[in-house]
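As structure tokens, here come the structures.
Each of the two complexes below includes subunit A, the first together with subunit B, the second together with subunit C.
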Partner chain A sequence: MKRSENNVQPGMTRRGFLGLAATGAVAAVSAGLVGCSGNGGDTSADSSSDAAESTSSVEMIEADSDGFVVRATKTDGKAPKNECIIAFEGDFQEMHPMNWSDSNSGNVVYYIYDCLYDLDENYEPVPRAAESYEVSDDACTYTFHLREGITFTDGAKLDAQAVVTNYECAIDPANNWRRRRMFIESIDENTEETRVDSCTAVDEYTVQFHLPTPYAPFMNSISQFYLISPNAVTDSSFDYSKQSVGSGPYVLEEYAQGDHVSLVRNEDYWGEKPSIERINFRVVPEAGSRIAALQTGEATAIYPMPTDQVATVRAAGDINMISIPSTTMRYVTLNTDYEPLSDVRVRQALNYALDQDEYVKVMYSGAATPATSVLPAAVSGYKAQTPFDVDLDKAKSLLEEAGYGDGFEVTIIGDNSTQETKGMTFVMQQLEKIGVTVNVQPNEPATNADLAAAPEDETTLQMWYVNWAQNDADGFMRSLLSTPMVPPTGYNTAFWKNEEFDAELEAGNAAPTEEEQNEHYGKCQDIVWPECPWLYLASDNILLSYKAYLNDVKYVPAGIDVTHATLNV
Partner chain B sequence: MGKYILKRVLSMIPLLFVVSILVFLFIHLIPGDAARQVAGATATAGEVEAVRKQLGLDQPLIPQYIQWITGIFHGDLGISYTNNTTVAELFAPRLPITIYLTICSITWSVLIGIVIGVVAAINRGRTLDMLGMLIAIAGISLPNFWLGLQLMQIFSVNLGLLPTGGLEDWRGYILPSLAMGAGIMAILARVTRSSMIENLGKDYVRTARAKGLPESRVIMAHAFKNSSIDIITVTALQIGALIAGSVVVETVFSIPGLGRLLVDSIGFRDYEVIQALILFFSFEYMVINLIADVLYALINPRVRYE
Partner chain C sequence: MATTEKGSASSGFAAGEELPRAQSPVKQFIKKFLRRKTAVAGFIFIVFILILAVIGPNITPYDPNAYDYNAILAAPNAAHIWGTDEFGRDVFSRIIAGTQLSLGTALTASILGTAGGVVLGLIAGFFGGLIDSFIMRVCDVMFAFPSILLAIAIVAIIGPGITNIMIGLAVFTVPSFARIIRGAVLEVRGELYVEVAKSIGCSPARIMFVHIFPGTLQALIVNFTMNVGGAILSASSLSFLGFGASVTQAEWGAILSQGRNYLAIAPHLVLFPGLVIFLTVLAFNLFGDGLRDTLDPKLN
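Here is the complex of A and B:
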């Protein structure tokens, strides 16, 4: 192993970076960090040329047809014990199956609690606690037939009544659990939109959900509706961070916030018993440390895999790296109220000026897909659009037509992490080519959230470098582009309003079959794409690296899935 | 002396009170909305409002402050918005980790720093001096996160001797302590050296030598004892800086200590956790300074406190 190959680059994570800003730790920290913090506020052209240059030294990430970027060459390694250790970048904030909000916690909850239906890696529903389901012709009644003989770890039966009890607790405003939004969306203080009217037990193992109007992403909600033992779910003093009462393949062993969550196999699991005895989710915030832990075997898998460390993984020889398309879309919202972004020609010009392929290379070392619609290609209902291939002449003439032949000045805000700042700087550099001056303003994330929530008549937003991840077409477009979701209610931060689009979205939601839904959602995309409420960037891939002694790891919408994986011990 | 210490301890109370007001105001006035953070990135306005009510953040600032500070006097540090655990519960596992790490870092760095400084001063201008100062310059210049990553690369990945993170046993403390203490070691080496050189040139040292004291006694009992005042001052200041350094090192070595908790809490606008942490750090700083002041008097009998 050559030293130069695994030389860990001192890339600061956002956490470390914020810490410095937060504690004002100038005294303790010397020159190197001051250089880093320069990235936060510095918007000079120098740093952007650094960004562009860095691509040449970093290996491009290209996956083969099976999604492998790196295939291990040494495959005879053995795991130290029958335990899968997964190192995550972020923390696990909450073990409550109906109150979690971060996706890492969601990944853990997925192992402990059963939902009626899961989503598989292709976002298709697969049976879990229910064996089958039917939808009525009007798409308003969903009937689930539960598997018989499932019990929670406290002995309670998972039957129709248990599901009803869970539903009632989930929608109870007194609980105010975050997952309440599976069934009820609260628009503002006085308005709530109910997705489900009632949930009733038809017989011991049949449960019915009645919807007031068809709701296309309902199965999505069901896949996040984790069932808790009725004894616990009705007990407000139950502490989910100390123990678990699910019926899933694993049970909670220990939860130490900020450090790790460990799960052990549920020996009474109703389904096929997992082969791996113990799963340990560790928090390893620093990218270089995650790679090091994977090299030494202190981690079996790491997520996310830093894009600039492919060479290290390749050199190690006993590590596989896979790349999976994600449902995350990266874009810049263009405030369509703000002059000159209010002119569609200007917005199109910006899109003609920005080189998406270059963006993918510079920002993700190739591990991303240029945006070809407002939806990521992985989201069901996606419809490919004609991309705005780079055409500077066209961009310039569009600007001229709009009366901005000499360009204009605009401010872009975004999070102050190294990666996001680099992205904004990239946008600045690209738009410079057509004479548009972009002022880059990185802010702390919570500040941006505040700026974005300002109502239309008060907003100061011009451009916002941001991303969104959601796996249903309806929710994705509704939250970001529909008229009712203009801030402060939702995240239509382009303030783009189009009646035809709204109507198609509603029609899609009301359509009973997936085919019909997708037809309407396709029309939505046809309408919005040429309107350019966004500067279209890319959808990044999920990069996962793991030791060759781990087999059959999967990435499902809930996160990393090793339920059916095995370890060579 | 006892009266002096008592007076100093009592004077901490109003000071902490002022800190509490400042901290409270600062974090409530900076942009960023705790309710929005708690509700999650995809929450609608209605959901955010519901959370705001639930957390009591819809109340004016003054009642919020009074409620919080009354809680503090009753020993209730508040709750974390992220998952409703009490701040005390969050602190309990982290506090010993941070304290232990601080002690480890300080111990080795002070010992080695002093040794390097004394040796360099005695051998002023010679190879040992240069070598010592080279180490010191390196220690000051290398950012601790970079040093941490390099140590991890060498001792964990290449040699397989020590873990890359986590604190399962004592071996887990070695690399973080090294990374955290390197800067202090370097600063102490430089301070000790310059202070020793100054003291070794003083008249009382010449007198000591003239009356035939062995050189070791001249150096340790006379010159070094006088230098130790400077050393204590610098050490006390550096322990304060360690709190900041710990944020970075805790991140690099995935250590769930108070430093990382502070950073995470600020990102999340977890007000009560931030408030409690800053109060605690202020308190720690005051105690360390008090200890330093008391040590001055013990070392130098001419220092007297009213």
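Here is the complex of A and C:
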């Protein structure tokens, strides 16, 4: 019997080719050897000081006081036509103003539909469909006075009754729209907590919301409560991806999921008419393609701007790049039930060991702000704390006091994306300095969600590299640090419990004025900061690049705002 | 006189016409092998890589895990001849240090898989019948899976990690070796010396391992060499996909995987590990090719 598997005779040409390749291999190896022996001599004296002569090929992102990283030098360019094309990295998944969940869709909806009050770039409420509003002394009744004469594009009037109809549809469990959570909070599968008892029309242009208890971020909810024509909102067959019935400055022209959304100016808009005729939101996932589109003028603006391409933008000369502080906080939760993280001295030691400035540099090329509280500085109610400046001696002595002078081993989990894996590796490198061994374990996001949802007596969490974005202080701290929000209910994955903190948080929520609220929220931050339930990292910035012929582009909580922008045509 | 005559006769015979002396088979093999230049090059490279795997961690110019945040993604230069990665670690040092892990994984997996395959192949070939059919059908089932997919499935079930990668790779190596060895066994089973061993009452185990196994050695060595090349590629692929080495370990596939994110701005992060993997796999294949051509009498 023949050994059929191994009597295949290779052709001479193939062997000739392989031979050539092998010659190349030997050449490459000898090159490697030369380098090896060349540097091998001073192995003992290596370490990073050796590398002083080598330069990093990544440019640091530094913004000036106006937020500009790059200012265009050629500003006489003209837009090909009066159309603003914005290239996004992600898709626009849903055009329903009360059922979207991704922020990109939220950004598009913002142009088409009006809400009663908007949030401006400083997270302050600004009037939109309502002219003014009052809050009762007990902070439980919000009265809005609507602007008169607003009509939806189908001719229906935007009056108090329309708002009430919208509210009723929004909370209707039969609709089960995603934006229902503006008014209803799901505690678990069967329990719900209403934040609003009722919404009533006082007269034709006055509408009142009655809250069972004060709810500090209510205006935040209102800013996402987009009003739809009552004819459409009650019509379950209405297709929001084909047409729009809002009262906003733009109307939907065409929506192609995964590709683009185009909007045209609403010629009957009640307010100051926008100058730009059309807006085209395009999906361009590839970072390089986005940059190329911006260079050629195929795109007017791109979001997000890839952090490693600043040099390209600078070289182009006709592009502005801005860096805007965001409400995203990046941190590592430390399970305070897990020995040795249960000792506050250990948790502080970890924070003293980690260099936040290096984190910002390595992870975001400088486009981030080191954390100086549990809240990002952009969130209203933020109060600066004393940072844990790098102090290895102090970190080591704290570990020794806690009885872990020789260090310990701990596992960190996080998503298996490039950026998160890199972040966890960074944490590992930093904690190595004080003898703490970190095992990096990147998982599927769904796996992490399961791990994080395990109740306190079953959890295997030790450290979790994670982030949170929210623009109200109450929601931010409540979801992540309050006692009731220990998993599986919420995301207090540090299992940190502090009665004083909980009490201050409640007091802040119940306080009628913003000043009082912020005072309580400030105290919350004072309490939690030295307790170190987290390894504090940084808050990364939003990076946006646009052509110099686009003026007055803004970044508001809803996203990119060009309603007041102009194009040099 | 007579003795002298006898002596001179024998020495005369030795000094005279050379009798065709049997050359040592090893010498013969070496001589033939040396004629194949590409195979020799492959062999030299393999020896070099093996030495590197053993002493690598001691001769790296930098600590492979030492970071330098001031030299992130630096292009190849005098201080870092193959550049630095996203943490400012020296790529050259990491690749040298990674040789041990990458090569070790592939070799261990190949040895485990080969051992399993040899045992199953011997049993199937020697006993024949139902046992043979059963083993070979199981192997056929495993052949039906694309090998890398099978390894991914195994690793997905038993969890990621270097040890599990070795198991996964070993499992998909078993059937091909079982088949090869079974073929070789069928060839030698009918030989006279095996009949003799049987007739004097040797145990089946003794016949299999002492009498038959050496006869299959030739096929084994050739296929083992070829398999190592494939295993290096598969181990690197699995690490590339995030199943293998921990992201913090210096392993060729893992280095390549992390480097691909910086392809546009730091191509050296992908170029060098890719090149090293390519050359190593090539060297094993060339060496295997050469061995087969040298050992196979039909090709001479």
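What we mean here is this: the second predicted complex is superposed on the first by the 514 of 569 C-alpha atoms of A that agree within 3 Å, B and C clash if a C-alpha of one lies under 4 Å from a C-alpha of the other, contacts with A are read in each partner's own complex, and residues count from 1 in each chain.
In the analysis below, a contact is a pair of C-beta atoms (placed from the backbone, for glycine too) under 8 Å apart; a residue touches a chain by one contact, two chains touch by 3 or more.
In this text, all values refer to a predicted model and were calculated from it rather than measured experimentally.
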{"item": "Partner, of subunit C and subunit B, that touches more residues belonging to subunit A", "value": "B"}
{"item": "Contacts of A:257 with subunit B and subunit C, given as first, second, both or neither", "value": "first"}
{"item": "Which superposed partner A:386 touches (first subunit B, second subunit C, both, neither)", "value": "neither"}
{"item": "Partner chain in contact with A:308 - subunit B first, subunit C second, else both or neither", "value": "second"}
{"item": "Touched partner set for A:289, first subunit B, second subunit C, both or neither", "value": "first"}
{"item": "Partner chain in contact with A:237 - subunit B first, subunit C second, else both or neither", "value": "neither"}
{"item": "Touching partner for A:440 - first (subunit B), second (subunit C), both, neither", "value": "second"}
{"item": "Residues of subunit A at both interfaces, subunit B in one complex, subunit C in the other", "value": "1, 3, 6-7, 10, 15, 18-19, 22-23, 25, 28-29, 32, 288"}
{"item": "Complex interface listing, subunit A residues touching subunit C", "value": "1-7, 9-10, 15, 18-19, 21-23, 25-26, 28-29, 32, 35-36, 38-40, 42-43, 46-48, 50-58, 287-288, 308-309, 358, 361-362, 416, 418, 421-422, 424-426, 428-429, 439-440, 442"}
{"item": "Residues on subunit B engaged by subunit A in the complex (per definition of touch)", "value": "30-33, 36-51, 54, 82-83, 85, 90, 93-94, 140-146, 149-150, 152-153, 156-158, 160, 163-166, 183, 241-245, 247-248, 251-254, 256, 259-264, 266-269"}
{"item": "Interface residues, subunit A side, partner subunit B - complex", "value": "1, 3, 6-8, 10, 12-13, 15-16, 18-20, 22-25, 27-33, 87, 91, 93-96, 99, 101, 173, 176, 178, 181, 185-189, 191-192, 241, 256-260, 282-286, 288-289, 292-293, 295-296, 298, 443-447, 449-451, 453, 470, 479, 485, 487-491"}
{"item": "In the complex, subunit C residues that touch subunit A", "value": "37-38, 41-42, 44-45, 48, 59-63, 65-75, 77-82, 84, 86-88, 90, 92, 96, 176, 179-180, 183-184, 186-187, 219, 222-223, 242, 246-248, 258, 261-262, 264-266, 275, 279, 282-283, 285-286, 289, 292, 296, 298-299"}
